[in-house]
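Structures given as structure tokens follow.
You will see chain A twice below: alongside chain B first, and alongside chain C after that.
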Partner chain A sequence: MKTWRYLLWIALAIALIGWPFVLGNKFVTHIGTLICMFTLMALSMNLLLRIGQLSLAQGAIMGLGAYGSALAMMSFGFPFWAGFLLSGVVGGLVSLLIGPVVLKLRGVYFVLLTFAFGEIVILSFTEWVDVFGGVNGIFGVPRASFFGHVIRDRNVYYLMALAMAAGGYFLLRAIYRSEFGAIMDTLHDHEELARSLGVDAMAYRLAVFSLSGTIAGFAGGFYASYFTFVTPMAFDFSNAVNLVVINVLGGISSPMGIVLGALILVPLPELLRDAVEYQVLLYGLVLIIFLKFMPEGIVGLIHKLRGKSDD
Partner chain B sequence: MLQLLTQIGVNGVMMGLVYITMALGFTLIFGIMRIVNFAHGEFYMLGAVALMFFYAHFGLDYFVAVFLAAACVAVFGMLVERVLLRQFVGRELNGMIMTLAIAITIKAAVAIVLGPQEVSIPRPVTGVITLGGILVPNDRLLVGGVAVVVLSGFYLFLRFAPAGLAMRAVAQDWEAAALQGIRPQRVYLWSFGIGCMLAGLAGALMAPIYTIGPYIGTVPMLKAFIVVILGGLGSLPGAVVGGLLLGLVEAGFATFINTTVATMISFGLVVAILLVRPAGLMGNAR
Partner chain C sequence: MTEPEMAIDVVGASKFFGGLRAIGNVSFSTHRGEIFGIIGPNGAGKSTLFNLITGTLPMTSGRIRYRGTDITGLGPHAVATKGIVRTFQSATVFPNKTLEENVRLGFLFGRLNVPRRFADRAHLRRSREEAQERTGEVVEFCGLTEARHRIAGDLAYGLQKTLGVAMALAAGPTQLLMDEPAAGLNPVETRAMGDLILRIRNERAIDVVLVEHDIAMVTRICDRILVINRGELLAIDLPEVIRNNPDVIEAYLGADIDLH
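What follows is the complex of A and B.
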């Protein structure tokens, strides 16, 4: 049984790495890259949802990472690896700085505060034209490069995104299965219990918030070098909403749900490119139906079906 | 200088009255149902769209059209509450996500039906009156006047009507209210309907002044957010104070600096208030 499982994982890994080279379709590879990027972002949101805090600033933090790495490479001549590293550092550091203040608030107030913070960040990107380029953003962000070799091949970008998403996935899985994860679950609805056992709840919240910010920052750094431009629009409030949709569709209880959610939802906008409204309508309807009838998401549905067949 | 300040004050109050109309519905819904209505801006937009049909397409009298538009939005809001929101009363996080979903669905549906472009409709009144050197556009005056009448009516309703008393009772403690024989479900239905009606009314009133399109609800929604946070989520007097405050602050900064700075300042104010006094200027912490 166990050998089978390992073989399955290896087969899956080979398939995930190999398909773009076999298929050779640039457009499909591009969608694969986007799926990986959104998986990573949705995982960063999942960390927060697990402790019961919905942050609408997630897009803005990704944007700070993206603008940070773009400016570091373009204005200060940072090499790609340093700029990319900086994007994660910026995301994590901003979260670490605002965390002690914003995490004091719970529920609705936290959501509204992160919303206001996100709006301020986006407004700064839009209005501070000298530094951030205004509504048009920044064009000509250097592509990724390793050892002086500039990467142009889309397949390599896909592999980078895949590595990031897989890294995020296994990191979250390890965290959720550890003691840290168990404490995170208690923060969701039994915080008093955790605190009575001597858990410093605020420190855990801050750690989760900063980790989530770091992941979002890295996603932003990748975004900047993959698309070679950044605009304020890409990081606004709707970005955070999309992450929520992915989480609700997949089910927040397991990282696998996030992967499934991204796999289903991310290709839609690319397929419905000429009809953005239809895509948004579909997102909205999917979200309504799942919230109303399947609040546990696809993963919950799978568990239910399995539970019945096992009886 | 005094004249300038008075002019700013008048502009601020005119704008503030619209903000209050928007924010009262938002804060009423939160106070009673504990649901943050992210779709509030969409009900504003639906009010404007309904007015466009009744007033500009069917050629009804302006006041009749405003009344019908607000009524339509109220009925639609009650439908949404009954079908989609009832199960989320009191469940803040999922309720919020549900209203987000409702918001993007309504927006996309309207964009598909009407197209993304923004249109303008003829103004029911034009011209400006001058009072001691203070300029007041007639259309703004009309909006302000209607808002004052409706808000006074709303106040009297909450203060004296049995249904209004029931709403306040449920907002304070729904279990105690239920023990008195009030059916909370019915109160939820009515409060959401009234909240949406106020948003639709604001949209219908502002439609001739601004343009009408699927995305016009975003800005009023942001303003409503700011107002209720300033005043305290769920606090009705807070919404009035917050609305006037935001109107005056915006009018002042927009005159002396520019509107972007005014927006930045209002968001900065929101962050500061949330951190120092999350319950808002007038709210009680729960």
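What follows is the complex of A and C.
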């Protein structure tokens, strides 16, 4: 049984790594890259949803990572690896700084405050033209490069995105299975009890918020060098909405749900190119149907069909 | 005769909610090795006083010391790490986990050193083994061994309340604060809870402060009783003295409570 599982993981890994090379379709590879990038972002959102806090600033934090990495490479001559590293640091540091203020609030107040913060970031990108290039953003962001070798092959970008998504996936899985994960679960519903036993709830919330910000920042760093341009509108609050839809569709309780959610939702805009206006309608329907009838998402449905309740 | 050693020392505690005075200049000390009861009619300020000590509510003025250390203004988790752990009036447990897992979390939550657990695998293994050992001991002490693999949310109310006490004990307190431990329990369960509290003090050397409605239970197990009325201290004395204090009887008149 255990060997089977092992072989299954290896087969899955080979399939995930190999398909773009076999298929050789640039467009499909691009979609695959987007799926991986949004999986990573949705995982960062999942960390927050797990402690019962929905941040609409997730796109803005990703944007800070993207702009930070772009400016570091273009204005300060950072090599790609340093710019990319900086994108995560910026995302985490900004979260660490605003966390003590915004995390004091719960529920809808937290949602509104993070929305406001996100708008301030986007406005700064738009209005501070000298630094951030205004509405047009920044063009000509250097591509990723390793040891002086510039990466132009789409398949390599896909592999980078895949590695990031896989890293995020296994990191979250390890966290959720640890005692840290047990504390995160209790922060959601039983904070008073946890605190009475000695848990510094604010410190844990801040740690989760900063980790989430770091992941979103890294996603931004990748974005900048993959697309070679950054614009303010790419990082507005609709990002966070999409991430929530991915989480709800796949199932908040398990990282595998996020992967499934991204796999289904990310290709939709490309498939619905001629009917973009229906996309938002579809998102709304998905949210209503899943929250009402399948709050555990697709993963919950699979578990129900297989008659088991845990991972 | 030597002075008893002080445990909790409250000096001039006041709490205002806007213009409403909930607690007015209350001072008292509990002793080491003591089960200390706080009683009073409904709305007298018992819960508010309790929440001031646990750090759930900030005081308007006054100071609180615990075993000589000033704990004024500390939040609930900081108070807990000083050794003061509270239990709740309603059954408060992690409902989706087993009874044993609940107690284990109680043990871990007070001592979790996350960076060290990630960095030092030997520390992680040791702390898990210790948690397992301590959990078994506390579960047995509270008489919960039989139900230890059951899901906490499915347990009967009385068992859930006992589990709440077990979790608090697992957190390793030197002082237990209990918010109405007998609330919602039937007479048999109330008696068992009272016996458990006595054993906690006698066998584990943990001091206990409890807020309670059940006067019979309070007078049975408490060494001294504080009576609070309209936010002010009415009396502190031995149970038999409190029972015959005319002011106390007056305060309870019409509350339909038999002090004897």
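Keep in mind that, in the parts below, the second predicted complex is superposed on the first by the 307 of 311 C-alpha atoms of A that agree within 3 Å, B and C clash if a C-alpha of one lies under 4 Å from a C-alpha of the other, contacts with A are read in each partner's own complex, and residues count from 1 in each chain.
In this section, contacts are C-beta pairs under 8 Å (C-beta built on N, C-alpha and C of every residue); 3 or more make two chains touch, one makes a residue touch a chain.
A quick note: this is a predicted structure, and the numbers were derived from the prediction, not measured.
Residue contacts after overlaying the shared chain place A:193 against chain C, while chain B stays out of touching range. Of the two partner chains placed by the overlay, neither chain B nor chain C lies in contact with A:235. Looking at the shared chain after the overlay, A:176 reaches neither chain B nor chain C. In the superposition on chain A, A:113 makes contact with chain B only, not with chain C. Once chain A of one complex is fitted onto chain A of the other, the partner contacts of A:201 are limited to chain C, with no touch recorded for chain B. Look at A:67: by the touch rule set out above, it reaches neither chain B nor chain C. In the superposed model, A:123 makes contact with chain B only, not with chain C. Touched by chain B in one complex and by chain C in the other is not one residue of chain A.
Contact residues of chain C toward chain A in the complex are 54, 56, 75-78, 80-81, 85-86, 88, 92-94, 105-106, 108-112, 114, 117, 167-168, 171. Contact residues on chain A toward chain C in their complex (touch as defined above): 178-180, 182-183, 185-186, 190, 192-201, 207. Interface residues of chain B facing chain A in the complex, by the touch rule stated above, are 30, 36, 84, 87-88, 92-94, 96-98, 100-109, 111-112, 116, 222, 225, 229, 233, 260, 263-264, 267-268, 270-271, 274-275, 278. Across the interface of their complex, chain B is touched by residues 52, 54, 101, 104-105, 107-109, 111-113, 115-117, 119-120, 123, 127, 241, 244-245, 248, 277-278, 280-281, 283-285, 287-288, 291-292, 295 of chain A.
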